[in-house]
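Common to both upcoming complexes is chain A, partnered first by chain B, then by chain C.
Take a look at the complex of A and B:
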């Protein structure tokens, strides 16, 4: 019972929820607005994390260059994937993106000289030379902590991540209210109708994909800084579907539903670790680990049954033609 | 009068069946031209070819002296040729007003950098677009539904919304696919009045697919009759309705 009361633990949960928010925002823009089924979103997070780490370790550049470069590279990867595939039907696009995300993971696993391979970023500088990309980040975090008189590193990270997540949220919310956002929503409703009115559907979707991928790249940077070490298996397809769950839990079509979904998901995910009372106490810890995932699944199914439009969604928008 | 749209020898087939099989006709600037013919004559396919949603296997489509048969639908629409659909395409989870606003041409607010760099210009354009949208909604009698979701409209109302939305683009040539289907008799009269007015005041040209033959014969300058993928007759309504080939196509050939 000591962990559940620990502020440090909940700060950690909060940081992860913030990273998930950045990841979910991309899905919200791409699907909730532009109607794109991107099932390979995690690939752009991986590209962001690796770009930042490689630029810092291999090129020896500042993280202040590495991080923007990571975002741009992830966005460019989004464009590169979108150019040949965005004209595909939605379901085919979904298949291509999930394949792409696995390709990225396998490349990261096998291109050992570039990425450190299965051992992850610890191996980035080559065998026998443990590498670290976040010395500069730690110093920045320390400086911020002392400047703002914060209690711990975790709280500092919590604040930094959530400032970024809410800034992203606000920016997308504002963009969604412009005529640009209106065209995206129109495309989600009926792309042929929007094309017949003189709008270049392909160009709008490509922009949405680039922005969503760039945000995933930023999420990748935060992920890298938070864990100070990562490997290709951190970017398995499951993470993409966590982001999807968050967006659907929060409600489609609203950006501020994403942080709400992320917090609920994060608390569900972390909170269930402490189920040591009956009937959970009847099982041993290994069994409990699986039971916990079942409970999370049931809770999410229950939430969706009870509120199919998500926590913040509008019910009338759920009615399909 | 000059030719605005030229359809020349267009062929388009599906699985070996020639839906459109060498159709040719012209649409004169400022005219109301109707495309009629029995079911399966190829009218809808031809509409899709002309508006760029289908590519012809051979033949040419020329708008105002420029070939458009290889261009994507959005580019054709920007060139002033705008279509409506047989089943209206309301953007259900958007309001009726947004449905019309989305069609505003050359809106700077549709470029994200412009919304940040030139917010005043974007706001100004949005204001004028909104005024125009409300005007068009009043024109089709949907002004009281402006803030409702488009999914709440009836089939006939959606037809009117499609019409208003197409007008919002400021078209030179409007292709209407069965604009009167599902629209109540009173609204039909109004809609027709708008068509005539738009032609008079704004010089809009119309190409219409319509099954209501009485109406077609009453308002059209030129009637083009299709059968089995080809144009079998075209000309003034009186001449066309007296043409034995047209009667054959509709009623079956005489023995």
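Take a look at the complex of A and C:
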């Protein structure tokens, strides 16, 4: 158990917040811009992580091919899900996407030969043979650490993840200021008006979904590298809800609000580990885990009741609807 | 074998259908996709476990107490959460997210109080009813009978009583109903009571059929229930009943060996969603839903 003053622990919290940022950026683009209620976002993260691991372990390809392939596969999965479902009404779309994410988790759990099953990727190469997909990543991390004269591996990871996250923010922010971004924003406000101007609403939404899913695929790769191995239950719907909470917490409609939301959420969530005062001290550690999730649930409710526009959101631009 | 699968499908379907009616009514009348519904069902199932197990009451008394307590829970949540949210003119999205938060709070509270260990009711596990080539366990027989009776009761309440008529009017158009002199506040309270009772019953029946359940079980049922609601068409009570039965049958019958060797039973939940997506491709508003934009 790490202490509250441990730099290593907070570097870890920072890495996770960076991964959440990448995940949240997709939701910000899809909902904050294109008005899509994607509640199955975690599925694309799972697809990214598994694609990378499978390509590296089973095909023996380089990680530098595996990771781009993972992002492309996640984006393609976004298109495949979007094609039949994007014309559904918002509420139907939300539930169908959650269902999709559960199907992905289900398949990952049961197709043991492809994914390693419930035991996760450590079982990827078959029983009795612990497999690892991140040797190349570790070497890259080591090289970067010695080149930049960094103190530890955690700090190196922190920098890599946040460079990617902030690059994603900047790219989307720039894209949001182009005519393309303005059309998306228009779709969110009034899709009929945009359609009447001759814009193909469906195509724009599909593009947003593909980009958002690709970003989730990248988040999946970082998740896989950070944790060395993973299993299907790492991609439960709860993670999607965390990402939504981060986006709402930061503020809808602004890409740079996502990293702010992710850091605040990460610190709060990690901080609840150190709740050892009353009333938390009355419970044992398993019970405290339930309490922490209860606090998260209450925070979601409180946020929606008292500050629906989030920390940095503009109420006049977007009242939650 | 085929008839046995149909019977199993009817049992699953009847339980899904009764749960789906509650979700659908809440959506129709309050515009709320209630993600906490599965955990309200869990709450009911655990109240019944407390009454049936520790307090040694009969299953019928336990189920009734469970229904009353879920109705009370639903009403209190209306008071502390949903009414304030409506007063702030929260939109569809806010309500959905708030229900996700509520689902987390309820589930973790149940974990905290009841613990993670699996539970089961004190019923005779060896009782079997045989009808021709079909065998139903005691729990299955009770569940399908009670669910069928409940479905008829709900249909009668909605179809013939004045309360049911006002509910349907509010679901159709809340503003118009208010103008016509219907007290929408009262209808909303009645809806929560009715849906609370339904959720409690559905929770107990689903738990009975599963025979062993933990605090996650309601949440794991939620997606099939939502699938049933979507399949029938959101907001349509008869659609929800129909969707639930159809999904129950489709998932069970898909494993029939005569059907190209059958689907691996592990993938039953996936079959439910495949059916749903196939139907939505043809009818985006669901089987009995009306085409309208949100």
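Simple rule for what comes next: the second predicted complex is superposed on the first by the 296 of 321 C-alpha atoms of A that agree within 3 Å, B and C clash if a C-alpha of one lies under 4 Å from a C-alpha of the other, contacts with A are read in each partner's own complex, and residues count from 1 in each chain.
Just so it is clear, a residue touches a chain if its C-beta (ideal position, glycine included) is under 8 Å from a C-beta of that chain, and two chains touch if they have at least 3 such contacts.
The structure presented is a predicted model; accordingly, all values stated were derived computationally and were not measured.
Applying the stated contact rule after C-alpha superposition, one finds that A:94 touches chain C and leaves chain B untouched.
Of the two partner chains placed by the overlay, neither chain B nor chain C lies in contact with A:58. Which of chain B and chain C touches more residues of chain A: that partner is C. Of the two partner chains, neither chain B nor chain C is touched by A:273. Contacts of A:175 after superposition: chain B is touched, whereas chain C is not reached.
Contacts of A:195 after superposition on the shared chain: chain B is touched, whereas chain C is not. Applying the stated contact rule after C-alpha superposition, one finds that A:84 touches chain C and leaves chain B untouched.
Shared contact residues on chain A (touching chain B in one structure, chain C in the other): 319-321. The touching residues of chain C, counted against chain A in their complex, run 27, 33, 81, 84-85, 88-94, 96-98, 100-105, 107-109, 111-112, 116, 223, 226-227, 230, 234, 266-267, 269-270, 273, 276-277, 280-281, 284-286, 293-294.
Taken in their complex, chain A has these residues touching chain C: 31, 37, 84-85, 87-92, 94-96, 98-100, 102-103, 106-107, 110, 238, 241, 244-245, 248, 283, 286-287, 290-291, 293-294, 296-301, 304-305, 308, 319-321.
The touching residues of chain B, counted against chain A in their complex, run 51, 53, 72-74, 77-78, 82-85, 89, 91-94, 98, 101-105, 107, 109-112, 115, 122, 126, 149, 151, 165-166, 168-169.
Contact residues on chain A toward chain B in their complex (touch as defined above): 175, 178-180, 182-183, 185-186, 188-190, 192-201, 207, 253, 316-317, 319-321.
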